[in-house]
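Scrolling down, you'll hit the structures one after another.
The two complexes that follow have chain A in common; it is paired with chain B in the first and with chain C in the second.
Entry: the complex of A and B
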């Protein structure tokens, strides 16, 4: 039940992410990427990987670019962790890193020539946007097994570069192979700003690989793990314990338990 | 390399030396230094003079303000447990934990280079909290600018346009705070013409620590090793404190840019991890952040606090570029901390910092004799008396009994004034009642001091860390009411919460520093109470003009007394504080600006209150007395009038109202609350409706003896509007039996309807009011640059 929470300088969501993992019975290990490169740890030691949010290396170049460059030599290890069926979760900056690595979207052309096939780029508003967003769950996988398909949940989003952009061909492929995990929802389709906070293509907020064990998502489930962390709790009548981010981690824990 | 400076000179010649070397020392100080070295029978070195310039600057020594602070701000009797007031204030939270508060200004740097100035302000205040051994968990900022409407033609040469400053300061805070991963969750922005040549950037940080993890800003014993950790030392920020301790001029842009430091959040982020990890393992005996005055001040103060000395080798400092020794000694390069470490723990410290790839260099040791010895490759550059360094001549002045008596008599006359004010009948107005209140309300909602700050707030990551329980914007996803205070949950396994806010109204302090400062404490308390919390401690950032001008010192005294007047009555200590003087140029001084940061405690975060109306058919009550107090109000500013009474503070009423509010929240009798501030009842009601899109129908008939415009827009202190479900009315009245309570009306509908004895004053749709409120300020921000998806 050991989960690698992979960080570098500028990653800054590792504490709340680790807390969420621990709260569902998993054992998070905060690993600095240099320690992985130096061989102090190996991805094979773990039953899953989470890349938390933040501004790795300051994200001055392009979000996730430096982190992905560090991680690229270890791509074979990451690929085999994924092929073995262990869960991999990239939140916000983590999602950007998975896209930069070419792990998401999970496309056929990527099998032959690995590299990025999409990008999470500067928000349409050209600003950092911190706000709660509504998401529609489009696909059931190990992370969303606690949700229903079509269910709408509210999660906090906070990013400057979350606009998903790719080619028409790739968009078609990820749509037909069911890789769109979450879409932003507003009163109209496609969702307008600020319901879609970044201008993401096809309202895409999260992607899952074909195998269903790698999830990348821009909004932050770990910031709405408990009921009282979500923005809308003061307007709700009933008091709960867990919030809409809980199922992501609970699903991960249940899945790993089944496999062991 | 380090020349000896001949100071056996005349006063005029000494002043030339002070100027040439950029020391910022006065005539008296230079003469005092001459005497000191005559007694020692030697001449000072350049490095020694530079060290004195740093340590005796207003910024580091508080030489002008300390007597006032001692009299009015420190040692307010309280039941709040204040454990320490060093680089930051340490306050008891629960049996096992403390919270830490720091509030700093970064005004001069931000006026010259707003992006870097604001960013490094954030970095510095975070380290103030960190050096107490605490985990920084929230940022709060108070920003002050001239109107973004200021025409370019009326902006003096060498001054940056307010709109530019506003944009760049917000960007600086956003880029630094978001990257370092500490949420910017509360704050304020105020506009007043006096900030044209001196914008103010006040930044606060809150941290949390276990009681046994608190670290002092002082060494423990001799032979400890002083270790410099964090970023490299460079030429940035040389003479930052002397620059901050003088008036800005037209030349500042050209001359003083090198005094502004450079910020790097990606060095600070791992520095926080490494320092906290080393502290958890109990490897740190003392810790101090390097801020104003660089190594010079940090070393002198960390050993001075323990009445010990230090021997430092500047050659051991890791520099970014080739530097003169005196530059290394006073550089204010950011992201650096000074640790005092027992020799046997040095290896373990090095291992931790290596893991986080943070620089870590032993640069000297603690010695028994109270002297600061600075060497560079074996060569001695300075040997200074530690006590002499820490005591500028101004602070040798003894307490003035007469002044204290005078102070006491002023306070009691203010109390009389308060009593008299209560008896003042409806105030004469020189103008007729306006015919259209709808138009006035809409104009007020769009006014720069009232309009929505959402545009700024959403550029800050206000919930990284997942501790932000009530957000700065409250209500439905898209529409929101402005929060009075936010609630954060500092501990993972406890429901206890901290409420955070900061406030001051320059329109009041400009007209009367005493009542303006008193109103600032009042507003902070009611912000905390409106969030359901009990006010617990305060911090102050006194931003003033040139202290050598008599009027400025009077303003500062008035402000300090005003703060004291309310804080003392409520038993609220100032756990931390900062003074920023010389916010003055040849076009004028800023108005006195005593920014107050408030921390409240809420036992269970799940009883936090927000400012958005929750449902239809609930009751609306006004708590607190509405006086005819329009002087300094936004309403009269709109009409271009100067008359009437300035809002005063009755601390007894404030206390009673706040206490009842906290109880009303914890017993869930109140389900929404908003404090009344700028714009009075009219604006407060409008803001309550925005978040939930739920309207209101109220009648102000229960407020007697006032003209309708005073009822709507008077800015009297200590007031709240609350939403109460009908079945809770009896409980509500019981809890508030000692408070002035006025029934206003009901929630519901899609309009904001305010009547007076059946006569309609205001009747507008929520949407029309919200739209002008949302657009009031956002129009001044960079044009929305929509990038079309490729």
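Entry: the complex of A and C
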């Protein structure tokens, strides 16, 4: 159960991500994008792919744009990994990369002309937003099978460019095809700042593809894998071993195990 | 040699938090007459030889996300 944890210079969440994967019984392999391009590794040898958070290539040009440009020649391999049903998870910068690549949102337009149909751009607050946020699980897929639809979880967010922007047409398509995986939640709908930390359209915090095996999420499940990693844990009455980020990885492991 | 300048702007109507912050800072410095600030990015690109359409291709491949951005190119042949 080998998982490719794909990194380049500036990625900085590969340790937490690999730890989380290993803790649920998967075998993470930290692969540098250049090694994939050079053919030292192939995406076909893995049972899944995780693109961790960070600031790949210094977030130059736009966050995720340079990583996505490196990955673009390998898009056929990535598409076949997805079509074969293996899980692909993009966290924070990983989500930005999947959006820049045009893998998410998973729209008809991308099938014909590959390219981005959305963007995760500068937060409305013009700040780096680094704190816990509440998210509502909107859709059950392999990553969220440990959660309930409508369940609210708290995960740490840490980004300057997380505001999801797309056209009205694409928004309608992703809504009607059930691609919204997570929304930011506050006392009102839509969630206002600071509950929606970045000004994301329709409070979108995470997207899943039509097939349900590619998830992109701005907040960090790997930083809330254990209970004590949550900002609010000393105030909570219940104490558990695992935190709200655990189901994402456990779901991935269970799904891969079922397939093998 | 061909030199090109690419300016990448946010499309009209796109919210520009950076521009808003710059405007706020300017007003703090006493520049109260500023109605709007928009921030863009400028790339200076030099080509080894004159090849047509390289700079637009570069924009589409990497420099611009057409969902929120537009670009202008100025090419200078020397």
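By definition in this document, the second predicted complex is superposed on the first by the 260 of 260 C-alpha atoms of A that agree within 3 Å, B and C clash if a C-alpha of one lies under 4 Å from a C-alpha of the other, contacts with A are read in each partner's own complex, and residues count from 1 in each chain.
The rule is simple: a contact is a pair of C-beta atoms (placed from the backbone, for glycine too) under 8 Å apart; a residue touches a chain by one contact, two chains touch by 3 or more.
A quick note: this is a predicted structure, and the numbers were derived from the prediction, not measured.
S.K.: Quick check for you: in the superposed arrangement, does A:165 touch first (chain B), second (chain C), both or neither?
M.R.: A:165 sits against chain B and chain C alike.
S.K.: Answer with first, second, both or neither: which of chain B and chain C does A:58 touch in the superposed model?
M.R.: A:58 sits against chain B, while chain C stays out of touch.
S.K.: Classify the contacts of A:134 with the two partner chains as first (chain B alone), second (chain C alone), both, or neither.
M.R.: Once the two structures are laid over each other on A, A:134 reaches chain B alone.
S.K.: For A:239, select first, second, both or neither according to whether it touches chain B, chain C, the two together, or no partner.
M.R.: first
S.K.: Taking the superposition as given, does A:199 touch the first partner, chain B, the second, chain C, both, or neither?
M.R.: Touch partners of A:199: chain B and chain C.
S.K.: In the three-chain superposition, say which chain, chain B or chain C, touches more residues of chain A.
M.R.: B
S.K.: Answer with first, second, both or neither: which of chain B and chain C does A:19 touch in the superposed model?
M.R.: It touches chain B, and chain C stays clear.
S.K.: Quick one: classify A:175 as touching chain B (first), chain C (second), both or neither.
M.R.: A:175: touches no partner chain.
S.K.: Figure out whether A:223 sits in contact with chain B (first) or chain C (second), or with both, or with neither.
M.R.: First partner only.
S.K.: Looking at A:116 after the superposition, I want to know if it touches chain B, chain C, both of them or none. Which is it: first, second, both, neither?
M.R.: Touch status of A:116: second partner only.
S.K.: Would you mind listing the overlap between the chain B footprint and the chain C footprint on chain A?
M.R.: Looking at chain A, the two contact sets intersect at 122, 124-126, 165, 199.
S.K.: Considering only the defined contacts, which chain C positions touch chain A in the complex?
M.R.: Touching chain A from chain C are residues 14-15, 17-18, 20-21, 60-63, 65-68.
S.K.: Show which residues of chain A lie in contact with chain C when the two form their complex.
M.R.: 61-62, 65-66, 69, 100, 115-119, 121-126, 165-167, 199
S.K.: For a test of understanding, state which residues of chain A touch chain B in their complex under the given definition.
M.R.: 9-10, 12-13, 15-16, 19, 32, 34-35, 53-55, 57-59, 122, 124-134, 154, 156, 158, 160, 163, 165, 194-195, 199, 201, 220, 222-223, 225, 228-229, 231-232, 234-235, 239
S.K.: Going by the contact rule set out above, which residues of chain B touch chain A in the complex?
M.R.: On the chain B side, the touching residues are 174, 178-181, 264-267, 269-270, 355-357, 457-466, 468-471, 474-478, 489, 492, 605-606, 608-610, 612, 614, 692, 782, 784-790.
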